[in-house]
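Two complexes follow with chain A in common, the first pairing it with chain B and the second with chain C.
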Partner chain A sequence: MSRYLKIVALYVRLGILNELEYRANFFVQLFQSVLSLLLSLGGLSVIFSHTGTLNGWTQSELLAVAGVYFIIGGIIRLVIEPSLWRLMQDVREGTLDFKLLKPVDAQVLVSVNQVQMWKLIDIVMGLGVLAVVFAQPQMQTDPLRALFFVLALLCGGVIVYSFYLMLATISFWFVKVDNILVVFESMYEAGRYPVGIYPGWLRFTLTFLVPVAFAVTIPAEALTGRLSAEMLALGGGLALLLAVVSRLFWLYGVRNYTGASA
Partner chain B sequence: MTPPAIAIQSLRKTYQVSQREAGTGAALRSFFRRSTKDVVAVDDISFTVQPGEIVGFLGPNGAGKTTTLKMLSGLLYPTAGECRIHGYIPSRREAAFLRQITLVMGQRNQLVWDLPAGDSFELNRAIYSIPAAEYQRTLAELTELLEIGDLIKKPVRNLSLGERMKCEVAGALLHRPSVLFLDEPTIGLDVTAQRRIREFIAAYNRRHGATLLLTSHYMADVEALAQRVVVIHHGRLLFDGRLASLVERFSPHKTITLHVEPLNGHDHDLAQYGQVIERDAVSVKLRIPKAETARITGRLLAELPVTDMTIEDPSIEEVIEQVFNAPADRPAEAQP
Partner chain C sequence: MISVWGFYRARFKTALAVQLQYRVALAIWMLGLVLEPIIYLSVWTAVAAGSGGVVNGFTVSDFAAYYIVLLVVQHFTQIWHMWEFDWVIRQGILSGRLLRPIHPIHNDAAENIMYKLLMLVVVVPSVVLLVLLFQPVLNPPLWSALAFVPALLLAGVLAFLVGWCVALAAFWTTRTFAINQVYFIAMFFFSGQVAPLALMPPLLQTLATLLPFRWMVAFPTELLLGRLTVEAALAGFAAQAGWIALSAVFTLLAWRAGIKRYTAMGG
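What follows is the complex of A and B.
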């Protein structure tokens, strides 16, 4: 276990060193993150110039959703997305062989092998938004909500990671599946708002086909006291299930890759 | 007798490949419906390699060399047959097995492109959990042998191809593998860099008694390193033995280079002495059966105004080319 922590730490270090090679990139990322935040805030202000609440969510609560959206998005873009893009590139270029030849679990290697440090900006901004929201006197917090929130965040992270891993594993068969990830990214955009505001079919898609609801809405619901213990348990169960399924699918993919469909 | 380091028994690998004809229409059709066919990449190959031996693994592109190396390193499951490395079955990819081997591919890099090689080395140190003292010792030895002391501090992208390859080799050996699979480690390198890598491989083999299986298209590599060569063609084992006996066995010919003045006017009758391989204004190269050497030489000297003449065994390249051009009983197929 400590070996894996060390490997993860080294990848983080390599990620930092790597990004320091391109300093200009920091400013581009900062600009992008700020722009995205302004877009979220702008959208919210347009909505609330017409109405007081949106599907039962107040302005402050929706701001909290946006904060969670940034935090989860930051985590995805910090390590999950770049690593799994890299996996697809490795499959295409044959360099995955080097990872499969290492005497450690290859799933760990491919899941953390690329870290984009500047995406921490998104996480910091998301936390900042939450801090502003909960500094307001009418927003109440209690330890149980905070606990629910952390658990829901954890489940959301696992669900999104598992989902991503399964998408990337498809590249063992179809080699070039970058477009699928792009689709996921656009779907994730929908997480800026609670999925409850969308029409039924889209809500279903965002909950079960692309787990944006579990990634963003459910943690936000926990934060605003809307999440029931049953729903949280369901999220936990789904996280566990997807983690196992994606692991099996990954192993199956590796076996197929090494068997070259024979 | 010590057990072999590498034992391959009736190894076979069949791929299912999708195929289509050239052209947009065919591409479109195959987008919706792929037609596949089975391709035999490796067909019933058996050989063993003793610990500490360096074996040159030869074959034209698509002969099945890389497929075999991938099966030996556990990246591909054999369709049939068996291979064992120090008793391990590679496809199980046990950690204890993976620690003993390394694969260097001349065309693929594992070092992080934008960072100094030293940073990637640290990562491999963690992955193989190499103790600090041992790591320092190995790194010092490798940097000295490969002369890359300064290079490992520069971003890999700023290195020349030869420098990068030396760093790749060092990175692949930090865990001191006892079995090395080198797939064209010198490809694309200039002559000096090729020689450096070659000398290093020889030195590493001498020092650590490592077993090496090496593919290369440069015969200089093979001549310098391999006491023994294994030749495969169309997935089949064609030859296994000493390099010199390869020449004897596959080339019952000699090459005669003649300087004739003037050569013009003799064109029509040169072919009666032997097969004309090359010719220019003043010289001609003929291939003749070995047994006929004395008789043909005599005739040439008597019948043509010869000013100079040399008789040689054909170069390894020529022999290999001849072997590879020989028709096989099945069509050649591409590598995966």
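What follows is the complex of A and C.
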């Protein structure tokens, strides 16, 4: 276990060193994150100039949703998406051989092999938004909610990771499918608002086909005291199930890997 | 004139072949285009549901009509050359296009038109599906339904010119990404995407009137919804014409200045 932690730490360090070469990218990322925040804040202020609550959520609570949206989006773009994008490229070019040959679990290697450090800005900004929201006196905080939130965030992270891993594993059969990751990117945009506002078919899609609900809405529900223990348990069960299924699918995919050229 | 038409015909064929090669990418690009109006349609439906079914004169089915028409208008006015132009310059691809005896803008215009026509294959079924799902109510007076067609065409021309003009920034800077982002966020607020402009705060409405974005998207949309008076429609056409003239002149000047700076790399 400690060996794996060391490997993960090493890749993170490499990612940081890589990005430190392009320091101007920090400002590009900062700019992009601020614009995205502006999109959320502007949207919310227009909406709440006409109403007091949106489907039962107050403006502060929806701001908390936006905070979670930035945190999870940041985690995805920090390591999950770039790493699995790289995996698809490796499969296509046959360079996955080098990772499979190493004497550690290849799934760990492919899951952390690219770290885009500046995406941390999104995570920091999301935490900042949450801090501002919960500094308001009318927002309740209690340890149980905080615990539920952390657990829901963890489940959401595992579900999204498993989902990404399964999509990336498809590339063992269909070589050119990197566009498939863009689908998630596109659908993730819907997570700026709680999935409850969407019509039934879209809510179903965002919950079970593309797990935006588990990634954003459910942690936000935990944070605002809307999440029942049963729902959290369901999320936990699903996270466990998807982690196992995606692991099996990955192992099955690797067996199909032929090594394109290298 | 005949040679320009011949060029467009040939370019349509190649653009069609290229687009058909990347069918999945096209479908995914469309997904984003369709999803965004649905997000804000759902938001405003929830707002309307929470305030007795009407927001500032917009009922739930008005919102549905608004966002479905918006989707169509956005399709005909979308522009992506600014994401490519940086690459076209950096890689020296422009050099080859400059050698042709025809202005490079025709190359992009032909590609743009072809893409929009081709993607109707996806847009039309999406619209039918959304109409069935969201039950919009749309009964504009005949004159505004007829006026919608030229308004949409002018909006397409305007969006293309403004977008192309923004793309030219790549002659001067390598950070076009930031410029493009600002462009699209301005689009989001001022073209009626986040909300129909009538629901925006007065200050933003005034700004929207002064900027070109409203005339690219919100104006044709409101026209087809029958929300504009004859005077407002005429003023809209005048604004479109004015912005087209202005952006055409600016594009011409920026192109001349830019091409002098262009030093082909590679290609």
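Throughout what follows, the second predicted complex is superposed on the first by the 257 of 262 C-alpha atoms of A that agree within 3 Å, B and C clash if a C-alpha of one lies under 4 Å from a C-alpha of the other, contacts with A are read in each partner's own complex, and residues count from 1 in each chain.
By definition in this document, a residue touches a chain if its C-beta (ideal position, glycine included) is under 8 Å from a C-beta of that chain, and two chains touch if they have at least 3 such contacts.
Just so you know, these numbers come straight off a predicted model, no measurement behind them.
Undergrad: Considering only touches as defined above, state whether A:Gln32 meets chain B (first), chain C (second), both or neither.
TA: A:Gln32: touches chain C, not chain B.
Undergrad: Given the touch rule stated above, what does A:Ser228 touch, chain B (first), chain C (second), both, or neither?
TA: Neither partner.
Undergrad: Determine, under the contact definition given at the top, whether A:Ser186 touches first (chain B), second (chain C), both, or neither.
TA: second
Undergrad: With both complexes overlaid on chain A, does A:Ile47 touch chain B (first), chain C (second), both or neither?
TA: Touch status of A:Ile47: second partner only.
Undergrad: After the superposition on A, what does A:Asn55 contact: first (chain B), second (chain C), both or neither?
TA: A:Asn55 contacts chain C only, not chain B.
Undergrad: Identify the partner contact of A:Leu100: answer first if only chain B is touched, second if only chain C is, both if each is, neither if none is.
TA: Once the two structures are laid over each other on A, A:Leu100 reaches chain B alone.
Undergrad: Tell me the contact category for A:Gln136 with respect to chain B and chain C: first, second, both or neither.
TA: Neither partner.
Undergrad: Mind working out whether A:Thr258 is in touch with chain B, chain C, both or neither, as first, second, both or neither?
TA: first
Undergrad: Over in the complex, which chain A residues touch chain B? Could you list them?
TA: So the residues of chain A in touch with chain B come to 3, 6-7, 10-11, 13-14, 17-18, 21-22, 93-95, 97-98, 100-104, 109, 255, 258-262.
Undergrad: Help me check something: in the complex, which residues belonging to chain C touch chain A?
TA: Listed in rising order, the residues of chain C that touch chain A are 24-25, 28, 31-32, 35-36, 38-39, 42-47, 49-51, 55-56, 133-134, 175, 177-178, 181-182, 185, 188-189, 194-195, 199-201.
Undergrad: Report the residues of chain B in contact with chain A in the complex, numbered from low to high.
TA: Touch residues, chain B against chain A: 13-16, 70, 73-77, 79, 91, 93, 95-96, 98-99, 101-103, 105, 108-110, 112, 114-115, 119-120, 122-123, 126-129, 155, 336.
Undergrad: In the complex formed with chain C, which residues of chain A make contact?
TA: Within the complex, chain A touches chain C at residues 28, 31-32, 35, 38-39, 42-43, 46-47, 49-55, 177, 179-180, 182-183, 186-187, 189-190, 192-193, 197-199, 201-202.
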